[in-house]
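Read from first to last, the chains carry the letters A, B, C and D; within each, the first residue is number 1.
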Amino acid sequence: MSEVEEDTQKESEGLSRLTGFSDGVFAIAITLLILNIELPERTGSAAVGVYRVITEWPDILAYVISFLVIGNYWIGHHSVFEDIEYYDRRLLWLNIIYLMFIAFIPFSTALLGDFPGSFPVIVYAGTLALTGIVFAGLWRYAWANGLLDETVDTDQVREITLSILIPSAIFTGSVLVALISARLAMYSWLFLFLADPIQKWLMK
Amino acid sequence: MSEVEEDTQKESEGLSRLTGFSDGVFAIAITLLILNIELPERTGSAAVGVYRVITEWPDILAYVISFLVIGNYWIGHHSVFEDIEYYDRRLLWLNIIYLMFIAFIPFSTALLGDFPGSFPVIVYAGTLALTGIVFAGLWRYAWANGLLDETVDTDQVREITLSILIPSAIFTGSVLVALISARLAMYSWLFLFLADPIQKWLMK
Amino acid sequence: MSEVEEDTQKESEGLSRLTGFSDGVFAIAITLLILNIELPERTGSAAVGVYRVITEWPDILAYVISFLVIGNYWIGHHSVFEDIEYYDRRLLWLNIIYLMFIAFIPFSTALLGDFPGSFPVIVYAGTLALTGIVFAGLWRYAWANGLLDETVDTDQVREITLSILIPSAIFTGSVLVALISARLAMYSWLFLFLADPIQKWLMK
Amino acid sequence: MSEVEEDTQKESEGLSRLTGFSDGVFAIAITLLILNIELPERTGSAAVGVYRVITEWPDILAYVISFLVIGNYWIGHHSVFEDIEYYDRRLLWLNIIYLMFIAFIPFSTALLGDFPGSFPVIVYAGTLALTGIVFAGLWRYAWANGLLDETVDTDQVREITLSILIPSAIFTGSVLVALISARLAMYSWLFLFLADPIQKWLMK
C-alpha cells in the first residue's frame, strides 16, 4: 500500500531479512501446533488422567501430520530461496500472502483434531492446496521477472514448479473426495508418498 | 534507563541484531493473529460445527486485514532500515516503542473481530495511526542525526515520510468517521489503495 | 549436563547463534505480554464493551511498563554482547539462566495487572531484581575469564556493572517498601529515571 | 515428500537458515513454558491470591526443570552444528523430526506440573529419551554421510554420541522406575549430574 516507484526495482541486499522473517513465522506456526493438544483438566484420579490423555490421540496425530506438513513447506521455502537472488516489492508481498496461509495451518489443524465430519477435512486440505498454489505463483513470478540465480535453467524451474503443485493437486483432489467421505479423503493424502515418482514420470 | 554517555554515540556494528529482534517481534505478532479466530466448541453434530465456523467470518476477515497491515509495516521497516547505516541508543528506544505498537495490533484486531459498535474501530484505527506516527518519528530522527546511508537524498527522505504518514492520516480520518458510523469508517480504509497516487501528487 | 572437557574452552565462532537465540526469547517474551490484556467477553451492547475495555487499564499500564522493561534488558544484552568476543560452555549456561528470568517476566506482569495487594508487586520487583543480578554475574564472569574484546578497559567494566546493578538495587529496595505499601513500592520505581545521575555520581 | 534427486546432494550454503529456524523453534518452545504456570483467578482478597500462587509451586518447578532441559538441548544442538559443515535433504528432515520432539516438551511439562501419578512422569521422561535418541541419530547420520567438518575425528564423534545418549539412557531408566514409583523416578533424574563422570569413564 506504500512506497512509490520501487515496485519494479530489483535488489539483492536485504534478502536475508526476508528469509529471517519467514523462518520466524514458520517457527512460530510449527510450534503453536502443540497448543492444539488440549491439556485434560486436573483430576484427582491418575487413571482418569491417563484415559483423558489417551483420548487426545486425534489431536496428537494432527500435531504430527501438521508438523511434517509445515516442515515440508519450510524445506520447500528454503530450497526455492536458495535459487532466488533478487527481490522486488511484489515478491515481498507474495511472500507475505504465502506466510498468511502458513500461519493459518495451526487453525485448520485444530479443526481437524476436534471436529467430526467432512468440513474440517475440506478446510484443512483446502488450506494446504491454496498454500501450494500461492507458493507456485511466487516461484513463477520470481522466474518470469529475472529474480533467480543465473545458473537455474528451465528444467529446474519446471521441476520445482511440479514439486510444489503435485501435493497441491493431491490436496485439491482430497477436497473433492471429502464430499463423499472424510475418512477416504484423509487416506487419499497417502498419495503424497507417490509425489516423487509422479514428478519423475511427468519430467520425462 | 541505563548506560552512561552512550546516548549520543553512533555505531554501525550490531544493527543486524536490531533488525533480527524486530523481525522476531513482527513474526510473532503476525502469527499470533491466528489465535484470535476462536475455535468453535466441539460438537457432536457436523452441521452445527460448519455453522459455527462460518459465523466466525468477521474473525477471519480481521485476520486477513491485520496480516496484510502488519505485513505492510514489516515491508516499511525493511525498506527504512535498508537506508539506515548507524544507530544510537535513542534509535534503539524509538524502535522498541514502535514495536510496542506493532505487538498491540493483535489485541486491537481481536476487539475488531469480536465487538459491535464504533469503539473497536476507533481503537484499531487509532493503534494503526499511532504506529505510523511513531515510525515516521523514528525515520525523521535517523535523518536529522546523520544515521542514514550517505546516498539517501532529501527527496527520498520526504518520499518515505509521506509513504508512512499518508496511511496514518487515513486511519486518523477514519477514527473521526467512526464517531458517526463504524461501518463507514471501515469502508474509508479503502482509501489506502489511493495512498500511492496521493503520494505521487504530493511529491510534485 | 553434558559434553566433556569443553567447559573451559573458549570459542568465538557461533556467538551469533547465542545472540540469535536470545533475541528470539526476548522477542517472544515481549510479544506474549499482549496476551495478558484480557479480552472482554463478547457482549450485545456497545456501551458495556467500552466499559469493559476501559476497566482493563491496569493490564494496559502493566503491558507498557513491562514492554519498556524487557526492551531495556534487550538493549543491555545487545550492548554487553557487543563487548563479548568469546564464549565458553559456562557462559552459554549463564545466558540460559538469564533468559529463564526474562521469560518469567510475562507471568509476573500478569500477576501485577490482575491482583490486589503487595504480593504481585513483590513477585514483579523481585523477578526484575534477580534478572539484573544474574546478568551482572554473566558480565563479571565474561570479564574475569578473558571473554571480552581487548579494547574494553576496567572503567567500562565497572560502568556496565553499575548500569546493571543500580536498577536491581532499586527493585530490591521496592520489595522492602512493598512490605509497607504496594502503591508506594510502585511509585519507588520512578527512581529508575535517576539511574543515570546516580551512576555518574558513583563513577567519580 | 517433494523435490527430485536432491536427496543425496550435499550442500554447505543455506546451513545458517537451518540453525536460524531451529533457534526459532527452541526459543518459542522454551518461552511457551511460562504459559504452563496457570494464573490464579482474580480474587478480592490478597491472602487468597498469595495462597493460590504458592500452590502453583509444582508448575514453577516444572518450568525451571524444563527450561534447563530445553536449554541443554539447545547447547547440544549448537555444539553439534558447529561440527556439521554440509547438509542434504535427509538431514533437514531429521532436524525437523528432532524439532517436533522439542516442541512437544511444553506439553509434557504441562502434564508433569498438573497431574498426579506415574503417567505424566512416563510421558515426560519418554519424550526426553526419544528427543535424545533422534538427535543421536541425526549426529550419526551426519557423520556416516561425510557432512562433518574434516577436523572432527572418531573420538569426538564417539564423545558427542555418548553425551547425547547418556541422558537418554537415564530418562529411559526413569520410565521403568516410574512403573514402581513416580517420586522415585523423578529423583532418578538427579543421575543427570553424573552424566559427565559416566562419560569420562566410558571414554577410557
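Here is the rule we go by: contacts are C-beta pairs under 8 Å (C-beta built on N, C-alpha and C of every residue); 3 or more make two chains touch, one makes a residue touch a chain.
The structure displayed is predicted, hence computed values, not measured ones.
When the CA atoms of subunit A are superposed on those of subunit C, the rotation angle is 180 degrees to the nearest 5. Chain centres were defined as the mean of their Cα atoms; on that basis the chain farthest from subunit A turns out to be C. At the interface between subunit B and subunit C, two copies of one sequence, fewer than half of the residue numbers in use appear on both sides, so the contact is built from largely different positions.
Subunit A and subunit C have CA centres that are 36 Å apart. One finds 25 Å separating the Cα centroids of subunit C and subunit D.
Shown for subunit C are the residues that touch two or more other chains, namely 20, 24, 27-28, 32. Those residues of subunit C that touch subunit D in the complex are listed here as 1-4, 6, 11, 13-14, 17-18, 20-21, 24-25, 27-29, 32, 89, 92-93, 96, 99-100, 103-104, 106-107, 110-111, 114-120, 123. On the side of subunit C, the complex with subunit B involves touching residues 19-20, 23-24, 26-28, 30-35, 37, 39-40, 42-44, 46-47, 49-50, 53, 63-64, 67-68, 71-72, 74-76, 78-79, 81-82, 159-160, 163-164, 166-167, 192-193, 195-196, 199-200, 203.
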